[in-house]
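Presented sequentially are two complexes of subunit A, the first with subunit B as partner and the second with subunit C.
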Partner chain A sequence: MFKHLFKLIWNKKKQNFLLMTEMLVSFMVLFAVFTLMVYYYDNYKKPMGFKYQDVWVININNSYQTKNTDSLDLYYETLRKIIKSLPQVKDLSFVSGNVPFSNQINQGGLTFKGKHIDHLNNFTAEDSYKETMDLDVLEGRWYNKSDAVSKYKLVVIDADLKEATFGKEQAVGKLLGNDDDKKKMKVIGVIQTIKRNGDYVKAGPGLYFRADTGSFRWLSKILVKVSPGADAAFEGKLYKTMAGYMKNSNIEIEHLTNKLKDTNYFAVIPMIVLSIVSCFLIINVALGLFGVLWYNINKRKGEIGLRRAIGATGNSVSSQLVMESMILATLSLIIGSFFAIQFPLLNVFDLSAHIYIIGMLLSIIFVYLLVLVCSLYPGRQAAAIYPAVALHEE
Partner chain B sequence: MIRLQNIEKVYRTDTIETLALNSISLDIAKGEFLSIMGPSGCGKSTLLNIMGLLDAPSKGMIKIADKSTENLNDKQLAQFRNKTLGFIFQSYHLINDLQVLDNVELPLLYRDTTAKERKRLATEALEKVGLANRVKHFPTQLSGGQRQRVAIARAIVGRPDIILADEPTGNLDSAMGNEIMEILINLNRNEGTTIVMVTHDENMAQKTHRLVRLFDGSQVQ
Partner chain C sequence: MLKNYFKIAIAVLRRRKFFTFISLFGISFTLTILMVLTAFIDKVIGDNYPDKKRDRLLYVNRIEQKGKDNMTSGTLSYYFLSHYTGMMKTPVKVAISSGFNGTNTYVNNKKIAVSYKYTNAEFWDVMDYDFTEGKPFNKQEVDNADHVAIISEDMKRQYFGDVGPVVGKYIEADNVNYRVLGVVKNVPVTSYMFFSDIYLPYTVSKADYKSKSYGGGYMGVLLAASKDDVPKMQAEYENLMKRVPVESKDYQHLYSHANSFFRSYVDTGNEASSGVFIVVTAISIFVFIFMLLPTLNLVNINITRIMERSSEIGVRKAFGASSKTLVYQFIVENLILTLLGGIIGTLLSVIALWAINNADLIANLQLSINFTVLFIALLACLIFGFLSGVYPAWRMSKLNVVTALKAQ
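Entry: the complex of A and B
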């Protein structure tokens, strides 16, 4: 029967072309939506890597102009003491501008053992960064004062970079750097990857450098860990205290919780747009399928009557129509899958293959379910046609 | 072979009740070639549909091959039609998107047969109607007479005991009509197939063993 139906569909390929194209386009849009959803979910289920609640970001511009590094150190160390003296401040850390959930990036690349790692995030942070962020150290340790003097340039890497460079092996104690660099960096710790781009978007590998005494010239942000009860009144007090010390300086205080919300919002917008487009397409395909099958029943009443006359039951007529739709869907999905599989093969958007594969499987299941639902009712209507009436109408 | 007892068929709409068949009783023997004649709308096709179990009578009893058909469910009726009955229609009812061979194979698809066996039986049936050289053609590439021969091949491919033909020569000119009639006569004579044929053509009817005339739903001869 399957071969028979396939022949029937093949011989009607011109009539079926539009419907198949519609199914194919729907599959491709669904593939995009599901891949994005799987990608978002895949990132969502990963740990955040730090505790962003009760962490505030203070943006400062360096108003203190001096060429003397000691004076600069003294100026910012005093600022640190002033901020830390406030009762609701638990800890703080001067950091580079690319704090979590900000639009600032500082990226480079690394070729290690012949493997090139793109979009490598470079961070600079102080020893207190671990406590301020409540980092999850997976291997080794975070920086401390003893790291000021070392034979090697020390570095802390995140789990993503460790996976990309050392795989499952231990990273602590190993040297890291471009293959052609003579001076390598020594890994002293591995931390959980921080989801700096929010809950849904992949952060990319990260390399953390220790802020040294000269770093105050360009460290433009302070992360402050506050007590859970810190409110707007305290925020005002913090601002006033800082403004009193840093004359003519712009100070802006933001909460990481709010920044995360904004970051997530911007990440979700493309998915919402794609979902709306796919919803319209799905409705379109559903109506199209329903209409075509309904039209087919009326157009093929003679054939339905004939099949009943020569031995088909109502159910077999019904299942024939459903199967025809499923075969059409299968043909469209084969073509669609051919295009879809190119994405992981060519690594188009630098996503893991499993995200594409799951997205593809979900799209296939969805298209089959859609076709099944849309063809069941017309199929049942066909089964209810009385053969004598159908043959007479022809 | 076929026994009809007091068959009545009433078509009802919201306002009108139409008596299409009125107390028809008929016995058709095995191997008989019977023709049914009558003016348009007298109930010939309705009677044929009832004999073919495509329609149910409002009253009365049908026995085919000594088997009462009134309590058969949809699946049993379908199986019965598939194995015992073959149909030929005035408008052929061929599927234009399938080749001749595939059209002839259709009844065998609803049986437990292999593709090889289906092909063999369909080729044999097409040889019997002289169309063995047209297996790859589509119905639209054939003349009316050839299409009707394909329809006959489809009716006989399952080797049914009874063939029900509803004006098989109605759409054909007399020469082609005679050819079709020859095939049916040969089937009846050589294979012993019982044939019931509805026709408007007196000449064709005269070639059969017995003629039944209907008028306004009643049997008049």
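Entry: the complex of A and C
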């Protein structure tokens, strides 16, 4: 049966070649779209890792500088007291510039047990960071005052980094660092990865360091947790208080809720544009396929009539036609999958393999469905051909 | 002759309405997408407000210093720009401005997010902002570090509401009161080198603009006396940069370029990778794949249609029409179909652009169909029609007369 179908396809290789190319290109487009969708969904279902509601970011440009560390600390500790004394402020933490949902990045690398980890985010935060952000501590603990004096340099890592370094094992108490480093860092806690790039984009692994004396020199942002009812009037007051104290700085207050919205917007808009465009492409292809198949069946009336005349049922005729197009689809999908499988093999875009595989499976199913739907109606039409009428035409 | 082809084409189109619909749908939709894309690119890169003298300008927006394992790259300091461009002879004027930064201001318990930008006085001579009222600040006011500001129309509406002239009034930003000197038309944020809500003299900047380090928050635009002086100006800047010493022992090389607008706009921030290359490749790949599918589809449909007309072709061949004539006829027919699709596509893109503008995806970015866009659409139409017509026409002309006539 299959041999016979292949023969039929081979006899019309020129036209079928074009149809196959069309299916192949549609598969590649679908593969790209589905992979992106799976990637977004994969990130979307992960927990956010902290509570961003009612957290404000204060950006300080051109902050107070002095060579004397003591007066630097005094200056910022006073600022902390001033902000904290405001009625609606619950907690605050000075942090490095790469706060969640900002474009600023501070990345490095790490080679741990022969495995290289790229795009490793380095964060610096204070003891109060946990309360301010309402962090989700998975293992061990966040920093506290007692960590100021310690034999080792301490570090808190996030779930992604733990997965990449220690895997399923416990991480707390173990040493972390480059293989050739003499002084390694000791892990004291693992926190849930904070989705710093918004709901849809991967955050990447992160290392959290404790702010120490002198860090104020470059900790350019403050995260402030406010009580739920804090409004613009209070924000204005906070702003005036800050600006009054830091006369030489430019100050900007942003809300993490709004920043998340902006970040998501930049992720979702390309997705929407891509979906609309590929939607129309697919409609286009579907119409084309339908038209061509329909026409082919009209042309093969004689052949079909003959088969019916010698006893083939309507179902077997229509299933033959559907099978023919399915074989065409299979052939182009095999070629398409060969190209698609290169993406996880060569690790082109730094996505995990399962995202590509799911994307590929989805697009294979979609192409099959598309071809099935497009050939079903022409197939049914063919089944309705009466042998007498068809043979009479010749 | 052409009139006959036209008549035949219309007759064929009306015969198989479903196929005609498929073809027109494919063509018009593809064109709509291409036109929206070109309108967007044309607006972002081609729109020369406020730098209207673009053919006389060169843009300096980055300095890179590179050592063995380390590199630093970013915008420049005010000192670096004013000091080194001051040594140059070809530029008539040099506009220096900072990138835009954000701050807040609070009016009537309402928060307004404000972008501010510091500029020198020459910035206003080099750029051609459209002033709806007032005038720019001059050198005197900059030197005195007067608290004066130029604001955008958006800012005026947000801060003052719908009122008459606001020149002379005070606007509070960053906890400082500035006297409004003028109001300019909005610049979309995609022109990141010129966008801002408030423009201030660089001398009122709270940051230390006298700092002698190379990196800072500023960008420069060099104005040549005429178009012909631009290459000379570019060469002069390149030569100058070769003589500038690196800032510290950690670095061995220093790069900074005075580029044309497009080149500086798509700069990647890294000497090793060319932004122009990346952007052009990305757009080409997108357009290629995007046009490939509808073209294949059209070829498929066209072949089917042609085979349907084999008897007509057989008759024409039997009466002595050459393959060339037939190919020519078919391509013309196909071009007519494509142009029809083009007209529908243009209408669709007008609607699409209207919808995009109304959705206000990017503030102040008003897309429109202009002649560039129309021309590109027309070109795309022709290429499209030609590509999808050639192969089927060739197949058709190869038909054997006898088989063609016998087919029916």
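Things to note:
As a working rule, the second predicted complex is superposed on the first by the 392 of 394 C-alpha atoms of A that agree within 3 Å, B and C clash if a C-alpha of one lies under 4 Å from a C-alpha of the other, contacts with A are read in each partner's own complex, and residues count from 1 in each chain.
Just so it is clear, a contact is a pair of C-beta atoms (placed from the backbone, for glycine too) under 8 Å apart; a residue touches a chain by one contact, two chains touch by 3 or more.
Computed from a predicted model, the values in this text were never measured in an experiment.
Of the two partner chains placed by the overlay, neither subunit B nor subunit C lies in contact with A:Gly204.
Of the two partner chains, subunit C is the only one that A:Tyr239 touches; subunit B does not reach it. Touch criterion not met for A:Gly49: it reaches neither subunit B nor subunit C.
Legend: residue contacts after superposition of the two complexes on their common chain; A:Gly359 is shown touching neither subunit B nor subunit C.
Once chain A of one complex is fitted onto chain A of the other, the partner contacts of A:Pro100 are absent, as it touches neither subunit B nor subunit C. Of the two partners subunit B and subunit C, more residues of subunit A are touched by C.
Looking at the shared chain after the overlay, A:Lys3 reaches subunit B, while subunit C stays out of its contact range. With both structures placed on the common chain, the touch criterion links A:Tyr386 to subunit B but leaves subunit C unconnected.
When the two complexes are laid over each other on chain A, subunit A has no residue in contact with both subunit B and subunit C. Those residues of subunit B lying in contact with subunit A across their complex are 45-46, 49, 52, 54-55, 74-75, 78-79, 81-83, 87, 89, 91, 93, 95, 97-98, 102, 105-107, 109-111, 115, 138, 154, 158. Interface residues of subunit C facing subunit A in the complex, by the touch rule stated above, are 18-19, 21-22, 25-26, 29, 33, 101-104, 106, 109-111, 113, 174-175, 206-208, 289-290, 292-294, 296-301, 303-304, 307-308, 361, 395.
Across the complex, subunit A meets subunit B through its residues 1, 3-4, 7-8, 11-12, 302-303, 305-316, 386-388, 391-392, 394. For subunit A in complex with subunit C, the residues that touch the partner chain are 14-15, 18-19, 21-22, 25-26, 28-29, 59, 61-62, 231-233, 235-236, 239-240, 243-244, 248-254, 269, 277, 280-281, 283-285, 287-288, 291-292, 295-296, 299.
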